[in-house]
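Please find the structures below.
Two complexes are shown next, each including chain A; its partner changes from chain B in the first to chain C in the second.
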Partner chain A sequence: MYLIPKIPMACLTRSCSLKAKARIGVGAALVAAALLPPLAGLLEGRLVTHLLCQYPLLVGGGAMIGATLALTRFANWTAPSALLAGALACVFWLIPRWIDAALAGQAVNAAKAACLVILAGMPLGWGWTQAGPVLRGFVWVNAAAMLAVMGWLQLATPIRLCNSYLLSEQRDLGLALLMLAILALIAGMSRAMFGRWGRPIQ
Partner chain B sequence: MRAALATVVVAGLGAATFWWGTEGGMALTSEAARRLDIAAAPRVLPDVPLYDQTSAKLQLSDYRGAPVVLEFIYTTCPDVCLTLGTAFERLDAVLPPGVPLLSLSFDPADGPRRLGWFANRHGAEAPHWRVAGVEDPKARAALLERAGVVVIPDGAGGFVHNAGLYLIDGKGRLSRVFDPEDTNGVLDALLFIEG
Partner chain C sequence: MAEAYATAGAKVALADRGRLWVTLYLAATGIVLLLMMTLGLLMRLAQSDILALDPALFYQMMTVHGTGMVGIAALGGMAVMWHFLSAHVRLHGWALGVNLALFLAGVVAILAADFLGGFGGAWTFLYPLPATSGAAWPAWAAALHLSGLLVIGVGFLIVCLEIARAIIAGYGGLGRGLGWHVLFANSTENVPPPTVVASTMVVIVTTLALTAGAAILVMSLINIAFPEIQIDPLLAKNLTYFFGHVFINATIYMAVTVIYELLPRITGRPWKTSKVFLAAWTLSTTMVLIIYPHHLLMDFAMPTWMMAMGQVLSYVNSFPVLIVTGLGALAILHRSGIRWDLISTLLLISMFGWMAGVIPAVIDATITVNSVMHNTMWVPGHFHFYLLLGLLPMQFAFMIYLARGEDVTPQGGDMTAILYLLFGLGFVGMFLMGGWASVPRRWATHLPEWLIWDQIASVMAVGVIVLATMFVLKFLTRMPRILQEA
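Moving on, here comes the complex of A and B:
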């Protein structure tokens, strides 16, 4: 029924292509860049860069690794659960309490990084690669809608949600999230209208 | 089928994690988590050396034996500390003499003179309402840490802090935290303590 791979973790063996190794390397480099002391401190210093630069580097790095691994094995059925797991892991680290906790303690910050790479990024990359067009479209539209809701919440809340950041930074984050939501919507719509998601040619 | 099954399992695990991570949906912010934790398990505050608006020296432990209402301020604060000061004025008018008020500054630059400005502005008179600073930087940091007060620079020379009205019980334990304007909450809690 499914294509059972002969070598499940081919990328850890010699049969892995050079390109795949390079992609895993780039993913690891993104993760390292987000966590190395000079950049990490700068990124965590402001709310917008913390959530919209460091988080994407960690999740994106993990996703590159996950997507590369997914090429070695066809497992369509894992796509919805992997994408859900990745989304939930991202949302957990967007809870203000845990953002504060990550800034207050080294151990929690390490857990945050590990979680965003392994439980958010890798499943997202894996799941996206395994997913078909319907699931991808569903995830994309939901992500755009959630970005918009989160942006609106940040702008509408009159009190500080994080003890570690100023109210003005919360506003900046709200605006940035709304802009991202609009970009995601435009990207999704252009793909739907001009891309390859039309009715298949019989 | 297994796709749906795996998704349901992930959703269940996710829901459990969120339940754990937000105290059952009650604490989405660290401020809410702090208040829940303090109410559930009152924290003994470290005994720190203080000086007040009259330059008198005292210890935080001098207050043990009766409840105290505490707030953290800095004297040059333009906004939230004024709300706190006003809340203390209201409390000052209605609290019995046995329940003192203590405005503690976390700004090392607040000497007795600046504490005096703040006291005059709000009509604070020692010993019933002291406006005090903490002598030693280490003691100050330990006190803020224990109380869960996070102070960050506001980028314009001042500070931003998670403000609240704090109820210290007779054993020197921080037992409740209220919103800066919630004087009724403080009064109700005091009535409850005194039975």
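Moving on, here comes the complex of A and C:
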């Protein structure tokens, strides 16, 4: 998580171009999978799958496209603002009122998908690729802490937050978020602890 | 092995050692430290019945004193660690600048919240006190105080991440920073020096502590905004003490680098990185993260196994690092022909303060003792011992070392250090004796039978403040020259 990959500045070779196209294709496929029936209906049917499967597919698809675009241009100064913008777009679509609205109307659902791909996923992918190791670590640690807070919030709230889902589903989401937070922390620490064995001092 | 580390260290090009920021950190540490000490003296005078202090103001001062001392211990410790670590790995000074800016912003928020808003929920900000003050302070004051803490935590997290980055870049992972390749694979390549080992431990535990701290602070802020969303009090206390215990413990591990770096220079004997040394630091890294339940021994709802773990590991936790550091220091000093002066005496006092200060904590971590002693002056006795005579002498020694242009040639002044030790012992001794007599802690007003300890402590506090002022002034008066060199 602390290790910065070298961005190839001259990523114009044929093999590079093919890889970039393949990445964009995979990103688009992820987005399509999340939106097309029957998977879309299945994912939106439960709160946990809606937020922890459909959202990541949309954001992840956008992030792959954003990350691929970032490889063509080195602009690390854009990383903090891109990551912040992406996080804020994600947060907006986590507001229960807008989750309900997306389920109730096709237009809002389309706006949600577009936002999560273009305003959340792409900036996150771009920003992550451009970000240095400290910023990446910062995002990772904060993501872990806030996933835990969100999980607690789902469990502690005495009422249903989304009209479209049951209280029991809210509880399931809370537990899933707490587990994700722990996994994120373990993954981040493991990477930092065992990052690169055997690499000589520079 | 020592040769291996010396060779590795010499290869590092020192592009930016952050001298400017280290100097500013120490200046801020010195000034805030004296202000916080003065607040402490005023509180002891109020408990002595010499100074009339409104109880509400007492608790505001106690909150600022506690929070400020924890923050400044970390700021000063970070300056010490950064300075010495930057000789081994390549660090970027911007992180120190960002942290200082966020720290000062957080301090302003906390001072406004406490002295203008009236927040007096102590540094522990234990749920549900911030939101349920019984009209002692408004909700905005609690929210501002917690937000200030959050901002300060963000700053320290950024510095920790920068240090982690540098250690990973230099050694190939935090595991290697702890010397696991030496410990478990018998490697002799790129052996981390003691300063790198200590810094790696600090980075690991502080990052985890700040993660838990951020979570409980945001949860508390949500609770203030929406009181109907409640936090499980036991969860809140666990998170708070995990954060607080680990964070304040890490400050002494930051500052101990001054011992690893200066004693070898003073005596001309290297501090070797042995397998025992590495094993001790790995053990302490693990244990410091899991012994915090000794703060919750009075909470009957805590799982028994956690209580037992808190007690047993509290006995064990301090010893590995203390023994390797204490014995290492004694081995270096023994028949070294050292001529004692201010820096070396302060370093030796800090070893004593660290070791002796742990003893009251170990006693208090015993469940049967804890149920009687934990809410008495015994506990402030422990952490004042540990910080006043363990941590602060390390920071003072570093300040004087910089003020002398990083020259460790003996220049006298050891009597002031001994006086500091005597006044410090008198001061913390009164806390411990108060605890022995069951004087409750965190009480603004004391009964007449308790005043004798408070009054003696006040006199001793004056002595400590005078001597601390002398040490800080030695640094501040030389600051322009240090900055010119930077």
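FYI, the second predicted complex is superposed on the first by the 180 of 202 C-alpha atoms of A that agree within 3 Å, B and C clash if a C-alpha of one lies under 4 Å from a C-alpha of the other, contacts with A are read in each partner's own complex, and residues count from 1 in each chain.
Methods note: a residue touches a chain if its C-beta (ideal position, glycine included) is under 8 Å from a C-beta of that chain, and two chains touch if they have at least 3 such contacts.
None of these values were measured; they are calculated from a predicted model.
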| item | value |
| --- | --- |
| Contacts of A:81 with chain B and chain C, given as first, second, both or neither | first |
| Which superposed partner A:96 touches (first chain B, second chain C, both, neither) | first |
| Touched partner set for A:163, first chain B, second chain C, both or neither | first |
| First, second, both or neither for A:17, with chain B first and chain C second | neither |
| Footprint of chain A on chain C - complex, ascending | 8, 11-12, 90, 95, 157-158, 161-162, 164-165, 168-176, 181, 189-190, 204, 207-208, 210-212, 214-215, 218-219, 222, 228-232, 235 |
| Chain B-facing residues of chain A, complex | 76-81, 84-85, 88, 92, 95-98, 100-101, 104, 160-167 |
| Contacting residues of chain A [partner chain C, same complex] | 2-3, 133-134, 137-138, 141-142, 144-146, 148-149, 152-153, 156-158, 185, 189, 192-202 |
| Contact footprint of chain A on chain B as seen in their complex | 2-4, 6-7, 9-11, 14, 17-18, 21-22, 27-33, 150, 152, 154-155, 160, 162 |
